[in-house]
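Have a look at this one.
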């Protein structure tokens, strides 16, 4: 027994995040038995990447931030004030937290017609395809599972997410939810092909599916400038995939009142509501790796290994904060218009991006 | 503009409110002629007329004891008028414009007065499908072409309440009524100056008048004649004639009506509406003509107007027939009534 | 005449429009021209003519029922203490202020109060005593806001002072009028005018009616005491023969 | 090609249980021919207080049957036992955004009956009020259209702008929108100089802000994509189905009551009538956006050319500046001469018909007929939905600015 623990401790401590800032504390804690095991586990790079940063932990912080920020930004554009009454001195910054708490204590109603087990389980199960890509997205030296095919794998697992949403719509067994999931499936068809082709074009460009290769090839010029067409296609596909406006078709408030999630309430609604934001987060992580030079940034010696994840997180947040303004700019396209855009202009653009990626990739190598 | 004025209170015969007096002296004594003058002047609109004897439900509470009803009642201190009365001119005429009971001279007079501008509106009695009386206000001669307005109805009508509203609304009013109504209006004009706006009072030759329900039931059971599909009622030569839609006529001698004659009519001796401006009736003229007895200058002027416009054709009346009927009425309605 | 037609939707135009829209949004995001009034903390300054809750001046009221009769919503019912005074049912009131405009003496006036909370429907029926002053409300605001517009500016100016909610009563040219009888000869003698007069200004006393010398009977003398008469016109509306009027006196 | 399922589909339960104003044979026939009946409303966020019975084949609307009347308040009957003057707050209620126009139409009918001569200044103030109401209504409809097609900013901006209209009405009349300000013989109160100047500046400021609204919503490509070529009513159809107001002008018919039979000072002012020949949803919206600009210029001209003098006709009150104190005596016992008096008014959403029948004796109308524009263009609205996609129903709805309370009265 003990040797298993000691063996694990050895493996953890051999591959620990080296952060000079908190090194003394870590040294002190490693003296204490059993605590040192926990500390080693937390600072073990795969665990750190997946659970702490850029994984689950900071994703929660990001959710708390982005929901509030989106509302504030929209309000600002719309001559309003936005959420304010919760914690007035900090301009209602903890509004999302308050909402989350309210969702938590609100009654979660499961209506009679719903397919009860799936209806209750799916919001939790939906986290699996959201978290799987993080295993393969490296952040600096911190990486869950290292493979040379990390980008492909990430895209593959991202493609799983709509299935859970469709399943949610099916499980809640209501007309609006049904229409919503059908629309979700249509949007899936609309954006998936251009999105994957855009990613493949970048893989051509870096001539490798390895995130590390992609990042170090961007050390000179970021991918956004190397292949701007793919950049644009990726952004639009990201808007479609995460059902932001103008492609907020699956969950159109005025037409089908939140679409697949219409029946949910309480904490379950809280879970399904943030699905789109989590998806946005994952896709933006990939976006930063592909186009913005991933974790590369000014190196701060005090942070040591933390540099990579931190820079990646910062870039992600900045990108998302810029992206969410489209909510206050655009109206909603019709479904057939969105499909037409996906299959005509975006497909053409993505193929052009493929060509550009191939050419530049040849020129780079 | 007077800030101080006075009004007279008639003396009471009993120690009750004034309506109590009226009830004791007139209504319960069986003298009431159902002219509804009291109902028209009652300031609290408590007195009810209609197809029932005059009454004031809980007058003990609601009557404000003003005595107006007594001032206008034609049967208070009743002394019957009778005879032909004084007149300026008598003629028999038939209107060329209107179709009426006989000569339609009542309609003709009203229309001419409206055209001359003597009166602004006239109160007429129309009937509904089963011959219940209904008050209509005539403002233009065109309204008079309605066949339901012309023609005689032998049942009571609340002309005077409508007359009061008309008086309050407009400056010059004319109306058509039975002799008792005309007498009542004259008393009103004595008592209250405002009623001098009644410029034209057309009296009808009248023997009796009936409550509608009495008449209806009587005809139904006596002659099995349903007034609902009657088109004309008339009294000719002592016969009450009901003309039906299908052209059949029902004749009932007037004497049989004795049982349904209201008590008020049994003490009335005024046949020719002696107080009116002009009295009109079928008696005393050839068939299809009406006798017209012009009594005042106003009516005279209207007659002249009709003559010059040639609205009517004229004839010599047989005045002795009218005289005979006056005497006959005095005979059958003695005063004081013998018990 | 302005002729409009289909707008062109070629990609170039669309790109320009996209750019315009995004530029506008970014401009607003950077420098928002915000027009939100944070209501409970700051209150808008309303003009003097604002139609708010109605304030009633008991001294000026002559209980003429005009307010109650003109009210389109039947929200005003008169209550009798010493005289008849209007009480307003704010569950029905639509704030058209016909009553305020109808009041011949300016006894009803407006105020700037527009936000009163009632606990129940019964509380909303305010009696005449309750509306003699501005209803007291909880004022959380610290400052007063006003829209300031200009040829190219449109902003909220905030002043750190509280707005007075009472409006100084607007003067009304009171027309001195007294009841009078136009046609004494056609008086029914019903004395309804005397009964209805809120001031008991119409005196009735028995007398003897005489034509020339000889006494024909008893009667009554009606006298309108002009010092008491307020010219409310209730008797005019009550008279069954419509022989009473209001006539102007003085100036 | 078209795929036809040969699965027999039963009509759903609610089509038999609920009250639907269509015969059951129609339902059976619909479901035999592989169509479906979709009930939109009356609680649906995309339809007002009215139910639309939509017959769809696949995603294409075959036919729409309206089921209005959920907010019917029997206004015409209520008006028959109120004084003429007491009806003024009542006739404002059908469309509270458009209150001044409704008020004006009713009052003009009364003035036509009593032939009251309205003073010049009062006419200018009335025109100004009517135009303010028109702007407010157009902005409101634009906001509803925006929220129907999911543009939240397009919802917030017009309501922000409407706040200024309400402020102007407050300064002018004392109430935010249902300002029963127009009375027979003029208006209730004179407008002082500071208020007029404020409104003048307001129009300029609003024009400036309208530009940003146009940039972000009116010229927005997504909006154009949603509304262009959707719900097209050709000129002939529009005339055939009796569409009125801006929606008729959007189909290329140059008809505006203010031009055809000018009623207040419209014939003395310089303004244009925006007419579009597209006839689709975007044209209907664009015409109204242009009308806002015209109304602003009309208001400016009114303030510039407003003469001094009385605002209440001397036939009504001797105090020409303020009705206060003599309201009851001069207006409570209006009695119209016998006859029928009809006026046409160009409301924001179209032609308003007021027809008063009077018996010449009573002080209440014998009959008051209100024909509101919403009711007039309902048919055209339904026809324009034919052959569109189901997702476009809300867009067309918003492009018509249909307002059930106004139509149901």
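We call the chains A, B, C and D, going by the order they appear; numbering starts again at 1 in every chain.
Operating definition for what follows: contacts are C-beta pairs under 8 Å (C-beta built on N, C-alpha and C of every residue); 3 or more make two chains touch, one makes a residue touch a chain.
Bear in mind the structure is a predicted one, so any value in this text is a computation, not a measurement.
Located most centrally within the structure is D, per distance between chain CA means and the overall CA mean.
Taking the CA centroid of chain C as reference, the farthest chain centroid is that of A. Centroid to centroid, with C-alpha atoms defining each point, chain B and chain D lie 57 Å apart. Taking each chain's centre as the mean of its C-alpha atoms, chain B lies 51 Å from chain C.
One simple way to say how far apart two chains are is to compare their mean CA positions; for chain C and chain D this gives 29 Å. Separation between the centroids of chain A and chain C, computed from CA atoms only, is 62 Å. Multi-chain contact residues, meaning those touching two or more other chains, occur in chain C at positions 21, 25, 28, 33, 35.
Contact of a single residue of chain B with at least two other chains is seen at no position. The residues of chain A that reach two or more other chains are 77-80, 328-330, listed in rising order.
By the touch rule above, chain C contacts chain A in their complex via residues 21-22, 25-26, 28-29, 32-36, 38. Interface residues of chain D, counted against chain C in their complex, comprise 82-83, 85-90, 153, 160, 163-164, 167, 170-171, 173-175, 178, 180, 188-189, 195, 198, 201-202, 204-206, 208-209, 212, 215-216, 219-221, 224-225, 228, 254, 272-278, 280, 282-283, 286-287, 290, 294, 319, 323-329, 332.
Interface residues of chain D facing chain A in the complex, by the touch rule stated above, are 45-46, 146-154, 156-157, 160, 216-217, 220, 222-223, 225-226, 389, 391-392, 394.
Interface residues of chain C, counted against chain D in their complex, comprise 1-7, 9, 14, 17-18, 20-21, 23-25, 28, 33, 35, 46-47, 49-51, 66, 69-73, 94-98, 100-106, 110, 147, 149-154, 170, 172-175.
By the touch criterion stated above, chain A contacts chain D in their complex at residues 74, 77-80, 245-246, 248, 252-255, 257, 327-337.
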